[in-house]
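Note that the chains are named A, B, C and D in the order they appear, and that numbering of residues resets to 1 at the start of each chain.
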Amino acid sequence: MSGTLDRRWIYLGMMLAVALPILWNGVTGKTFPESPTPPSQACFDAIEALPEGSRVLMSFDYDPASEGELSPMATSLMRHLMHKRLKPVVIALWPLGPTKAEETIANVIKGDFPDRVSGKDFVNLGFQTGGEGVLKVIGTDFRKQFPLDRSGTPVDRLPIMEGITKVGDFPLVITISAGYPGGKEWVQYVSSANPGLVLLAGVTGVQASQIYSYYPGQLRGMLAAIKGAAEYEALVSAAIDGDRVTPPLYTEARRRMAPQLFGHLLLIALIIIGNAVYFSQRGRKAVAQ
Amino acid sequence: MSDAIMNEASPQQGKWWIGLFLAIAVLVAIRASIGEGMGRAYVQTDSTSYSSATGDDGRVMWTAVADGTAGSVTIERVLFASAGEYRAAEAATPGQQAIRISWDRTLGLWLAAFFTLAIFSFLMGDNPAYKFTESIVIGVSAGYWMVVGFWAMLVPKLVAQLAPSMVKAWCMPNLDVSAFNPVALIPLGLGIMLLSQLTPLGRHIGRWPLAFVIGTFAGLKMISHVESDIIEQARATMIPLVAFGDDGSFAPWDSVRNILIVGGVLCTLAYFVFSVEHKGAVGRAARVGVWFLMITFGSAFGFTVMGRIALLAARFEFLFIDWLWLIDPKGQRMVATVSAIAGSCSAILNAI
Amino acid sequence: MVLGADASFLNPDKLLLLVVLVATCACIIASMVLARAGRVPKIRRIAGLEAVEEAVGRATEMGRPILFVPGIQDMDNPMTVAGITVLSRVAGTAAQYDATLDVPVSRSLVMQAARESVQAAALQAGQPDWFDPERVRYITDEQFGYAAYAAGAMARDKPAACFYMGCFFAESLILAENGNAVGAIQIAGTAETAQLPFFVASCDYTLIGEEFFAASAYLSGAPDQLGTLRGQDIAKALIALVLVGGVVMATVKVFTPKSDRAPTAEMAP
Amino acid sequence: MSRSIALLICLLGGLTMLVSPFLPMATEWSNEVTDWFNILAAMAFVLGGGSLLKVQLMRLSARGPGWGYSAVTLLAFIVTLWVGLGKVGVVADPSAPTVAWSGKPDDEGSAFWWIYLYVMTPITSTLFAVLAFYVASAAFRAFRAKNLEATLLLGTAFVILLGRTFAGVVLTGWLPDWASGLRLENLAVTIMDVFNTAGNRAIIIGIALGVAATGIRLLIGLDRSYLGGDA
């Protein structure tokens, strides 16, 4: 039945549905308004609730393949943490995570909060192989897995790490994850084992439905896909920029919502056409019989 | 030579593809000649001097100092600069060298654009550009993971445990381990057994490390799944069927929600029953369970579509923003290219 | 995993886990022992598994290869192990029919296990010469590098049957759509819930979650393996019972402290 | 004999893991063993690399159709390995400027970084992005309202697709507040919160049981196909 339409037409349609809004957006600079859903609002509130100077563990569990969805989240989260004068301790369970973390640090901290000092106000402890094994170990001994920061300084000498021996010592943990190991493993090994700890997750669309079953119990808040990123971006912008114009770095997710809309509309149109064809053919067959 | 790139002889298709690639090349050439051009990468050199001091614990600490400090060591790094920064620097001092074009990164950018288009071309059918890209990615990624495994795992976790002073002097000056750790011999032994497979004698002992991995992780996963998936998920489902709001009033909607969740979990579990035919009560429950499964899959599908479109948008952004310089939402360049293109078009039209 | 201040012999925080774990294992092991003693359960039909033979047969008739992907994760993942077990059954059938079986893998440990399993299956089928170790080969650990290979190979080799049994992530749809484009009969099995919708949409049969883990026992047909399936069902029934008990208690609890609350008809969206 | 030892290793490894959460003194074992696996996995790359070399060299020497691609793969593999292991273009780390090898292989400016940024990243992320096209063709082909089950699947996808963009706001934003639960964006949340939660929970519990049963079958040696089956 699908033979009636060469799938390449569908591909062409999708290409135009995504490419044209990007160009339109690039020329006009317009974005759609966002109203936050509860899981995104919960993320925002959890960070707002922390007292100034609290240390937050932030894990970059993704790589370039998913940065389209996750980098805007990381950027907004980092901006929010910095604005609230919280201290992120950055780690990664994916080998390419630290590079993404460095990018976020360079864009947000070095660009907009140049007074913050590495080792005191934030730190990147880099990547550790072992996936969920790492999570298991940091449950009891954080420094065993992350003995040095990314520039090689032992964590014992970093003021930001003072008194932190296990993952439970952080009041808040954020994972930005694209798959395995990621949100699910953080829930399994960290959130379940440390009842007092607050876990937030930024996840890709594909993980969202699975991770949803942990919210709001084992997972206090979540940012689901680019929509979650856009909502969070809007929340943070409203809190920090107010009426001023938000710098383009912090509108990335909202800019991506226009291609999103047209992509979705195309898909819906395709489903409707597919069904219309199906039912008309079925009707014809029934008449023929 | 053609058999080196053709898997099967199909000259007709080959011509079609060459035509397509040529057309793209012409379009790109036209684009490159309009306005400020396209696809260049700029860099600047960051040079920092470091000077050493010995701390209380006897460790040598290096700190950044002003250039030219006596006894300091200078490290030069080449870092990205944006086209806008380059233009600004050129406007201030023409011919300056602080910010300059990087030919290797420009080449990389064009290569990246080629690979992007080559992968997209697979949607229209298998073709030499895709096959070339496929061969590249297989080779590069296999090598990539070997390198990552070596520097991120073997050196710090194995070699550094066995020969700490050597590793410290060679590549990990901040290594904390100081003594030989005999426990590291166990994974080394398992690894050697594994690699012994490459020799004809080693087939039998090659199974042992495999058995070790499978056994330990079977145990580990049993624990984690029972703990987080059975206990926690069951606990999360033990909710009252009748719910009241905070003010003590009956909350019918929350009650319906709770009843649906509990009922849905039980019915879907019934679908997974194997040793009873799906007839009678079990069959009816399983049928409802399938409905829940379908809704679950539908929602997962919808959410995933979001993610995939965002990724596609990111790739188009790479092509439009970083390579073709068509739009500039981040304000990294100084001239709006679309208006430049419009200007060029009107100039061409006027000329005609 | 938190160490108590008093390093007692048994960690008290984990008592519940211990009870549930022992109960689950007891159900499974007891059913297995019973099955061995002759009380073999009758297992319901699982559509995807009945189609295995049909798919292999079709590939043989058409003279086109069979593609088997045991997921893209390593042997530490139970799904990969389950996939390798299914592979041994598929390989056995393929060896009998003398069909070509391609097994590209993305981890070298998986390659080793898959070679062992395919070779043993060929031996058991009485076709030791059918096994060619180069048909079970390592491609790359990189998820999309692997997907690029698989998509290209499908377009060129046009397999008649594709099996995807193991742990899959985003590449699931790349595999399934390309398989569909070359008209292969496709059977998938995974417990990676996020990928199930794509397999359901693009494959002919999909083993969902627990069904996939049951596949190896089901295909083996051995009484003790089938027994473990009944064990799973008993454990499931126990969980359901506890769940219902918990729900009843939670509901009763709502009424006990303030039983004078009058229900109202307000809609709280 | 070798198989019996393997089964014993499998059983002992599994039992260690099974008791470790309950015995405080055993917590360390499981951490140690996890490290071992990672080392083993890193060493296994050599096995994979060997297999890759062998297959590609065989193709190259046979000069069959497409042999040029084998040469490309081999070259890409060797170059990546060489620049990565040799840290070509890597400058020393600021924490130890005098130790030439102290930099990270993927530091900005190194050859390995260049390969990562300009070869790996565009190819892998474009392959990922191609899924947007496949999703569209799969939805067009497979989402037919043939029966109740299929209708539920496509109906849910419909609501989520609309509810998660601005289209949802436009289409149903006019609904009065007392019916706001029916607005598409809220309907999408309800589906996730209620139906998706229930469905996923049951799947997750089922999988956990499947994993437990598979674990037992492996530990007691009932399932040993990875060792070469029952033969």
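The criterion applied here is as follows: contacts are C-beta pairs under 8 Å (C-beta built on N, C-alpha and C of every residue); 3 or more make two chains touch, one makes a residue touch a chain.
Every value quoted in this text rests on a predicted model; they were computed, and no experiment measured them.
Counting steps between touching chains, the shortest path from chain B to chain D takes 1. Two chain pairs, C-D and A-C, are compared here, and C-D has more C-beta pairs in contact (counted per touch definition above).
A straight line joining the Cα centres of chain A and chain D is 17 Å long.
Centroids of chain B and chain C (each the mean of its C-alpha atoms) stand 26 Å apart.
Multi-chain contact residues of chain C, defined as those touching 2 or more other chains: 1, 3, 17, 21, 24, 74-76, 78, 81, 109, 112-113, 116, 138-145, 148, 170, 193-194, 196-198, 200-201, 208-210, 214, 229, 232, 236, 239, 267, 269. Among the residues of chain B, those in touch with two or more other chains are 7-8, 119, 122-123, 131, 133-134, 137-138, 140-142, 144-145, 148-149, 152-153, 157, 172-174, 194, 197, 207, 210, 213-214, 217-218, 221-223, 226-227, 229-230, 233-234, 236-237, 253, 262, 265-266, 269, 272, 293, 296-301, 303-306, 308-309, 311-312, 314-315.
Of all residues in chain D, those that touch two or more other chains are 18, 21, 27, 30, 34-35, 37-38, 40-42, 44-48, 52, 93-96, 102, 104, 116, 120-121, 123-125, 127-133, 135, 137, 139, 141, 143, 153-154, 157-158, 161, 164, 181, 192-193, 196-197, 200-201, 203-207, 209, 211-212, 214-216, 218, 226-228.
Interface of chain B with chain A (complex): residues 123-124, 148-149, 152-153, 157, 172-174, 176, 224, 227-229, 232-233, 236, 296, 299-300, 303-317, 320-321, 326-331, 338. Taken together, the chain C residues at the contact with chain B in this complex read 16-17, 20-21, 24, 41-44, 46, 74-78, 81, 109, 112-113, 116, 138-142, 144-145, 148-149, 151-152, 155-156, 193-194, 196-198, 200-201, 208-211, 214, 218, 229-230, 232-233, 236, 239-240, 242-244, 246-247, 249-251, 253-255, 258, 261-269. Chain contact summary for the complex, chain A toward chain C: residues 7, 65, 136, 139-140, 168, 179-180, 193-194, 206-207, 209-210.
Only residues 1-3, 73, 143-144, 167, 169-170, 181, 193-195 of chain C touch chain A when the two sit together in their complex. By the touch criterion given at the top, residues 1-2, 5, 7, 10-11, 13-15, 18, 32-33, 35, 37-38, 63-68, 96, 99, 129-130, 133, 136-137, 140-141, 144, 150-153, 208-210, 212-213, 225, 227, 257, 260-261, 263-268, 270-271, 273-275, 278-279 of chain A touch chain D in their complex.
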